[in-house]
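In this document, chain identifiers A, B, C, D and E correspond to the written order of the chains, with residue numbering beginning at 1 in each.
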């Protein structure tokens, strides 16, 4: 849709390997670069390693007994693999985790406020941003006093997004923002991503299964399979690629296939990496 | 060499008490080794083993040491004693439990290997009542006495005796159990405050002692009317309470303080030579003295055994004979350097418990020391003897033991 | 509704025979404290059909499924199953009636292997007592192996042979969903409830999943109720659709009817989907 | 490379379901059995029996029991000491009331009595979960100890409240009482441990075990897929208590020979056994044994090292022992929170790959 | 009639004892709230704090015994004594240091583990601290005196004697404890509910990973919370140490705090106080009314049974956060 506006690479991931539990090798040399002010999409099937990549960047692997064993991750040209997650948020990288991860016992509003934990620009600014988030997600305003644990799946996703926005980040790592959201809301969320990206210049790296939407909004895309990057390119060109079309967009040559029809024939072609 | 293991405890809930006792026990043997070259020319080895007052560790210590030629055990724990009683009869080791353990072990016909002279729990209860009788001109009728006790096998021991004596002397006994560890005794002392007993007798151990004395002072119970068993009568029990513990009384069967000639030797041979257990921190305290007293009795028994058998490297069996023929006269105590430190002991094949004599001491909070306030008093054997007989007969029956002829 | 009415059925466009009413929800109202999650909703599920439930987030879809599977007891309304009114029941009793389900936020037993997870689906098919199990040899082992065979069939069917012995905690999301489906199928249910079975999947995987769902429906004749946000999937595989919005029912009918319903478009779809 | 499963093909579900599917493991297991039954009884002495092996076996049984409840069914219990006391007092009452019945039967019955008591105290688990339940089980611990201390019937009205185990024989060999030989003590505990481990294995691999694990991993989901929480939880409590009761009965009758409830079955016992299963590995039969071995051996070894070899004063070494045990526990948890069993499994997994990782 | 007056006295004393329990329970609540860790070491922490306080007050040489045993020296004290206030301050510093070390050496490596694993780790910690306390300050029984008054309050005794004809026993130490506890609770509630750090603390309790992901430093929160808990332990240690001396059994008061915790709810600061009051009154009253009929010494188990009964009706305790059960 848009070409990345600016070619400076904010975040660079060079050839990283990740091992869980000392034995399970998950990423087998992944390299990415995320340009400043762009929206970069990370696509790929289940278990491809998208989440792992994002967690490697935000240094959240340690608590899952995973570790980066090779390669380097640079942010603004400086290695960040040793920074703790909190320090990373201070430098401006925040992750919205897969599966929402709201603070169940806190109210919706308190959840949002924890997003502003690292900020030191005063409560007035925080209050303003809170209003901004409520404007983005009016449903949250209605439920501001409920415990997050009792909100529906979609509401929790909004809380997670809103919470990240509250930290006024430079870069947001978004893990499957569309999961479990109603179609209308998916569009809405991506519109918000776009608005935040354009309006506030926030850089996005988003992992998505919903290739269709992701490629519509992203500038650049990487496709991950089995722990390796198998293809990358500007979003527009990816959308035209026939393989991507078939496997990730569900289109055949005749247009969209019906889910009812795919049932009888087996198809599986994998890029050989 | 002769081996006398010291099953001690210096950690855990009762560690503060166990440490002092173990020091006294060690030091006396060390003194004999240093000064006299042991007993009858045999050096006494005292390997120490930590039990933490825990019965399983106690067994472990016992098994660990028993094949090293150990002669006699003194675990300072009623629980471990009960565990060891059957074992020592099979392994043929002597078990010496002065002032604790199984009371009816006094009956040597049933408990061939166990000795508990000079006094046992029941003796203690009886001596306390005797003292109260003396205080009241021989009449306790109508008086109220409360027993505050550690709610365990140990604490329950005196109940039967006190009940028997209550019948005889007409006082009214009330029972106030305290669950271990016992640092919270508000209910108990509120009850005492309401009931206003004339006297309180306490069978406690560990923190329960201090907590009780503290609470007693809180409710202004007169300390003079508060008598502890010997295990409730050490410095650690009263010191934390401070001045308000002044006047508290406790039983004892050994002397207190440092006014004994032996301490000159301890100073020369141990303290000055830096050989005292734990650097001599606890020398002279009540529990130290009791540990030392236990060592005195054991060494006298060893000496007797050596004389009887004519060999110096005696076996545990010979030591048992030594115990059964043991006589510690006041003269002998003076010779040792501990005049009037303990009651006269004379044991025999059927009497493994000595005379049961004990005396009272009282705490002087300003001088921070115990003072002896009575002579050795004999317990009321009319009441006790049948109880011992009954209990040991029950044990013999349960364990299939045919009492020996003595 | 009478017994006879319940027996009636209809035939779908592609010629499948749909039977009488299997499950009938009548005027269900569910409240949490002050929040009314479901407001007087009625709908039915017929024997052999694939019934979709759609609606915006927080509409009460999952809550409705929870009512069906007995996890929530509605404050008002009646639940009829196979022509009988169902009183308040414990969830495990409902499971015994032949209703199995999957969950929106995957609820697998993380500490167990895939195989064991699927075997739990057959709980109610196994009956040897504690003593027999303690001895194992003989009855218990035989029963175990018989059930294992059934489970292996499902494993083959869902093509998850290679992860049989893997602890589920380690699996990626999509496979977990598949294992959950396998577990539900292992119970050989009459009614299968799927809560967003395809969330977090890419198109290829959705295609796989759709195929499984259709096959289950076809081969075992299992009735299926599913919640799904991907309108493509819903339109393609479901026979009838219920639309919910903030606890109310705003539409009910064939995918085609629903898609063109104005209210549904406003509340849910945003733009009309092709 | 030395340790591998390749070439070990299974042709039936039955052989796939066996306990040690890998040949090397199977041989290792047979070797352990041969040593345990065929060699150790001939070389064991009193010290090894009393200080190490007998407590190890008895605690292994208790750990198996608690592991069923906590490791498999996910119900954390701190009432183990109390339940062991039930086993001990039950066997004592049975032994003294029916002296002519075999002690083996008494021990099993004691387990049964404990199972009933365990079920009773398991009832709150239907409402109460997690740490609340753990603390609630302390009610059982304290109440039972109080009860056995307070009601003289339980200790046959003995003056001090102690119970003593009289001599009883199995096949002519004394297994309780002072005259018991070290091999006899060891063997009776070994037999119980062996049979019970086997029972535990069978129960946990079948349907019942799966019900427990389902409840543990996610109780709501388990209920919705058809697990009746009442029967699942209560059966876990019952069977767990059965094991623990037997352990308590053995501890009293074979090992200690005499016991006083507050001392022998206090809350420390509860913690000790919980330690064992966590260090060993929750939800693992092997872990129960490994944890028991660790917690029994560690203090003995430390003591021998500090006092025996380094010649430290006993009090210092006792304090250091505490520090070291504490530090080691933390250390182990950090290295592998899932216990020795998982450590062992990971080692095997690495060995399989060795020397070519990935 | 007498019985009734006695009962009132028992109830009053129960309330005060309950406050003493609550002091210990508070430390548990704080740590649980902030990290989901059930900190079994809280009792030992109180003991350690009290030992350190006495040690500093009396100018004891730390590790004296160990040094003496190894080098044959005779160190004992520095020969000075530190005023109570300063000693308390210094002890607080030690507790902060300890919190820092605990985070560094233990908690940090256990982020994201299951609660039971963390619980176990704190038991390991309890063992360690127990040993360390003994090695540092010696295992003997110490007297703690920071000038808190103790013993029966005369004015209350006289006043009640006038009203009821029976002078009530109220311990002055208990009155102090009540005042201090009230202050602590008020401060802590305000902190947890209305400050940024308090909110962060609750967030951490819910989800470690998510907390990390929004930039909350677990390390900072934990050090902070453990420091506060250490301070609360110090207060508890002072109270209980004054009451019954500083020695090993002090750590066992943790066992009396558990039912309080359970009843009040693991996550509620006011719950700790209310729970304490109910447990205190409950156990004392039961011992007074029923105890004599069944042989007494019922307090240990009755507290637990009472809490259990409450839990059956409210599984999360009186004030605990609702346990969220959803699928």
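Methods note: a contact is a pair of C-beta atoms (placed from the backbone, for glycine too) under 8 Å apart; a residue touches a chain by one contact, two chains touch by 3 or more.
Small disclaimer: the values here were computed from a predicted structure and weren't measured.
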Next item on the list: Mind listing the chains that sit against chain A and also against chain D?
Entry: C, E
Check: Counting one step per pair of touching chains, how few steps separate chain A from chain B?
Finding: 2
Next item on the list: Could you grab the centroid distance between chain C and chain D? Build each centroid from C-alpha atoms only and quote it in angstrom.
Entry: 42
Next item on the list: State, to the nearest whole Å, the distance from the C-alpha centre of chain A to the C-alpha centre of chain C.
Entry: 29
Checklist line | Cα-centroid distance, chain B relative to chain E, in whole angstrom | finding: 36
Next item on the list: Indicate the whole-number Å distance between the mean C-alpha point of chain D and the mean C-alpha point of chain E.
Entry: 32
Notebook entry, point to check: In chain E, what residues contact two or more other chains?
Noted result: 65, 134, 139, 295, 297, 300, 326-327
Next item on the list: Please list all residues of chain C that touch 2 or more other chains.
Entry: 62, 71, 103-105, 107
Margin query: Please output the residue numbers of chain A that touch at least 2 other chains, ranges allowed.
Written below: 150
Item checked: Residues of chain E defined as touching chain D within the complex -> 38, 65-66, 69, 105-106, 109-110, 113-117, 119-121, 123-132, 134-135, 139, 255, 258-259, 261-262, 266, 294-295, 297-298, 300-301, 304-305, 307-308, 311-312, 315-317, 323, 325-327
Notebook entry, point to check: For chain D, which residues count as touching chain C in their complex?
Noted result: 12-14, 17, 199, 202-203, 205-208, 210-211, 213-214, 216-218, 220-229, 235, 239, 283
Item checked: Partner chain B, residues of chain D touching it in the complex -> 46-47, 49-51, 55, 96, 146, 149, 158-162, 164, 166-167, 177-179, 255-260, 262-264, 268, 299-300, 303, 307, 313-315, 317-319, 322
Notebook entry, point to check: Once bound in the complex, which stretches of chain E touch chain A?
Noted result: 111-112, 196, 199-200, 202-203, 205-220, 267, 321-322, 324, 326
Next item on the list: Sort out for me which residues of chain D touch chain E in the complex.
Entry: 70, 76, 124, 127-132, 134-136, 138-139, 142-143, 145-146, 150, 220-221, 224, 267, 271, 274-275, 278, 282, 312-313, 315-316, 319-330, 333-334, 337
